[in-house]
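Chain nomenclature is as follows: A, B and C, assigned in order of appearance, with residue numbering initiated at 1 for each chain independently.
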Amino acid sequence: MSEVQKMVCIGCPIGCQLEVEHLAGPDDAWRIAGYACKKGKTYAVEESTDPRRMVATTVAIDGAAWQRLPVRTAMPIPKDQVLALCRRLHAVRVRSPIAMGDVVLADALGTGVDVIATRSL
Amino acid sequence: MLYDVAIIGGGIIGCAIARELSRYAVRVVLVDKECEVGFGTSKSNSGIIHAGHHSPAETLKGRLVVEGNRAFPKLAEELGFGFERVGEIVVARDPGELPALERLKTLGESKGVPGLELWDRDRLLREEPNLSPRLAGGLYAPTAGVINPYECCFNLIRNARMNGVELLVESPIVGIDRRDGFLSLKTPRQLLHARYVINAAGVGAAKVAAMLGLHDFTIQLRKGEEYMLDKRMKGVVRHIIFPVPSAKSKGTLVIPTFDGTIMVGPTAEDVDDYDISTSDAGAKAVFDFVRTLVPSLHARDTIAEFAGLRAVSNTNDFIIGPTAVPGFINVAGIQSPGLTAAPAIGRYVCDILRDEGLSLVERDDFEPRVEPIPRFSALSMDDKRARIAADPASAHIVCRCEEVTESEVVAAIDQGARTLDGLKFRVRAGMGRCQGGFCTWRCMQLLSERLGLPIEAITKRGGDSWLVIPRLEDEPTEEAPR
Amino acid sequence: MITRTPRSRYDVVVVGAGPAGLAAALGAREAGAEHVLMVDREPEPGGILQQCIHTGFGLHTFEDELTGPEFAERFIDRLTERGADLLLDSFILDGAPREGAVQVIGRDVGAARVEYGSLVLAMGCRERTRGALRIPGARPAGVYTAGLAQKMVNMMGVLPGRRVVILGSGDIGLIMARRLVLEGVEVLGVYEILPYSSGLNRNIAQCLNDFDIPLHLSTTVTRVGGRDRVEWVEVCPVDEALQPVAGARRERIPCDTLLLSVGLIPENELSQRIGARLDLVTRGPVVDSTLMTSVDGVFACGNVLHVHDLVDWVAEEAMRAGRFAAEHALGRPRPRDSVRLVPGQNVRYTVPHTISPDRDQVVMFRVAKPIERATVVAVAVGEEREQPVVSKKIRYAFPAEMMRLELSQADLDRVDAETLRIDVVERPKKKKRKEGGS
């Protein structure tokens, strides 16, 4: 017996309602319904096996016009690491000038994904 | 240090008394529990300077209101606050109410209220085309006016302080002791001594009197809700529109405020506790009623709502006079027309103090005038340019909705504003359409910079009205590797 | 690009250097306007994008999902390369459209009169307030619009509170729900008065579902309590008329912060002051096919014209407005607008208000209610009869997402009427569903 999972594709603003079922059997087969484009198909499998998210937050910055520097993960990271990454970033403080794209935390939490600045400050 | 006079309560009454006393060579301190003067009932007041024909001549209210009204033009000019004699009309909602208008006219004339005129329906609708055609007639009183009550408080105390009065805010009175020849007032942080104490504590006046074992009167809190309408409605009426008054209150009104916004209200609801919440029932009562006066008004035009508490004494009149405790003088139960009567109350209290033995010698260096900062938004384009040339900080707009410059915000902070509401009520930053959505952060920043306080120490209006909290940081921070 | 001493005359002056202003300036430069000035009240360009630090911007423009600041930077770079003047910390006090001039004030510039060949309004919008919603109760500290809270968190580096209730499931509220959770703040729930969310499904998924934040539909906040600071809010279910259900149980939720994400209102005070006519539904100026308002030489684009959801369409619309503004300033001939554009079945509004059959047109509109399996039909409405001219099937149509319909000149040639009406109709349900495997 396999379970049918319902989810919303977050690949684009349409937000298709997907139905995803991992089919029992020797092949690693999936039944996916509801997608409007191939991004939905990819998302459905990833979300069921290895859900990932982009994380966007801020870190402390000294010597700049604002108190915070916006940053994001360069790629999506495992969903269950999101809050831990934010907590880790609380301890990061940078000093101006920072260029957009500068790495503020390399290989965040061992995920292989860097956290980069999303603006110059 | 022994003060001659300590005034408990910095509402319109306390401030008016302070200013009046500042003419004389006496040491005066005004103590208020809020972070700003006027932040009790006075700032929630309708802002009406009544013509004076509503209150019977045999009451203290009735005697002081006309004198107060007469004092306002000069006071406004000296102290630089806004005052406009827009006039008022008491309207009869049906022919059965017309005799009441005649009675009010007679009463008013007997008290010296000038210019009262009875208008028939045609005249009424000619003067105010947006009034309901069902109205039967009106009583016009040209000397009624409107002010911003908080602006008046700020300017009164500013002038009083210029002339030597001391001000203590965020200082509630927690106890009063009788001594030999003077009274001692206890606040959480100070002990003040004064020969005479004026109890102008508004809704708290009975509690303050009770601290000395005096129980001569009670105060009933009567809540009034008010609704501010979009500036679009400006001009829908030119005069203050009153219904025929009842025993409980002057009624629910349509008020063209000094700033041009139309305000409707107040309700009149007795409450037991400090309750200044607005309610669906209050809104419904206000709008159902005012639509019978001005049918084009609608609840959906509301941009802000608030409520205040009237201090109603058990005699339903002002209670002003000395008590069994020498030196302790009540100025309590000052509900409508308290705002109007304020200048007259100030003088009356000085008379009482003289009678009680305080020598009031006029100071020859009394400065009656306050130079106000004219609002940038009210200036002509040429004057705006001139102001900017003289003061570059005037070129930077902080509150875009009300066109308030950084210069005005900084001046307000230098004059004593320590909170967001202090700025709002002094210079209108945050009072416009976006209700502070865009300027709050900048106002907080300016307060933080000028007062040398961290941003999380800035409050909305003192006390526990914190605005933001600092981030929940983890362990010590480290430099990020590049 | 940043100037302290603007010229006394520009071909195009743009009011605002947010996403619309930047794109309009770029469009004007690319269309040949030599001197272009942007005036912005902030100390930096980018407008609201600078505080929108989350990803999701630029899917259509750059085929990427950038953060707000990154999207802004792309346009700032292109504009810097092209060359334009940018006056920051400045404010347009008034305009004299008949003289083609505006009155600018600012820290650096003092007071200056700047003349223009055309003016582009790109002031964006403001958030709907508690006062406008008329939520009764006390007035404690702690009631904020979601955008103000976003500025506090992302730029000021402070938090609005510890226990937050959010009213309104618009995207800004959903984004802030997630943002606050990432900062360790407790978000107790999102309350939405409508029976459906006004935000995108993807945001419900990644902002609420990811963090188990409940979404309560058909519920609203009916009262705020607390003396100095918010202590609780009262919530109540509503009926189809969006009124509190009589006799329903009203729940008090202890919290210290109420965030409001209940709508955006185009900021048209300057527009009205200079005489532009407004559309009461969009609350933005009435415009023709060149996005020119009822005031000659004054154009409008972005959120000030009508509230958008995707910055891609803001930028696209603004580039067109900039281009038309430049053409006007350079004296190039204007198209002939001979067709009125009106909203029809299930459509709340259409922009622009008139179109021209002389060139390709872009029509923007919103549906009045969610419709699955929708067909958008452009109908030429003549005196005698109606004729569908263009018909386009789309998967979903919902009020939260502004829609676009491109009409080619060939389509427009078929319009033999003075009015073109946009309808959105529901198609009947098909039996077979699209399926696929991996």
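Note that contacts are C-beta pairs under 8 Å (C-beta built on N, C-alpha and C of every residue); 3 or more make two chains touch, one makes a residue touch a chain.
The model shown is predicted, which means the values in this text are computed figures rather than measured ones.
Visitor: Grab the C-alpha centre of each chain and report whichever is closest to the global C-alpha centre.
Guide: Given all protein C-alpha atoms shown, the central chain works out to be C.
Visitor: Please flag the chain sitting at the greatest distance from chain B, going by CA centroids.
Guide: The chain farthest from chain B, judged by C-alpha centres, is A.
Visitor: Could you state the distance in Å from the CA-based centre of chain B to that of chain C?
Guide: So the centroids are 40 Å from each other.
Visitor: Roughly how far is chain A from chain B, centre to centre by C-alpha average, rounded to an integer in Å?
Guide: Chain centroid spacing, chain A to chain B, equals 54 Å.
Visitor: Cα centroid separation between chain A and chain C, in whole Å?
Guide: Chain A and chain C have C-alpha centres separated by 26 Å.
Visitor: If a residue has to touch 2 or more other chains to count, which residues of chain B qualify?
Guide: 471-472
Visitor: Residues of chain C touching 2+ other chains?
Guide: If we look for residues of chain C contacting two or more partner chains, we find 155-157, 183-184.
Visitor: For chain A, which residues are shared contacts with two or more other chains?
Guide: 60, 87
Visitor: Touching residues of chain C toward chain A in the complex: what are they?
Guide: Within the complex, chain C contacts chain A at residues 43-44, 50, 53-56, 59, 65-67, 69-70, 72-73, 153-157, 179, 181-184, 200-202, 204-206, 209-210, 309-310, 395-396, 401, 433-438.
Visitor: Which bits of chain A are touching chain C when the two form their complex?
Guide: Those in contact with chain C are residues 7-17, 23, 28-36, 41, 44-45, 53-58, 60, 65-68, 70, 72, 79, 82-83, 86-87, 100, 118-120.
Visitor: In their shared complex, at which residues does chain B touch chain C?
Guide: Touch list, chain B to chain C: 228, 274, 276-280, 282-283, 299, 302-306, 381, 384-385, 388-389, 392-393, 395-397, 400-401, 403, 433-438, 440-441, 444-445, 455-456, 459-461, 463-472.
Visitor: Would you pull the chain C residues touching chain B in the complex into a rising list?
Guide: Counting only chain C, the residues touching chain B are 41, 89, 91, 93-94, 103, 105-107, 109-111, 126-127, 129-132, 134, 136-142, 144-145, 147-148, 151-152, 155-162, 183-184, 222-223, 225, 227-229, 269.
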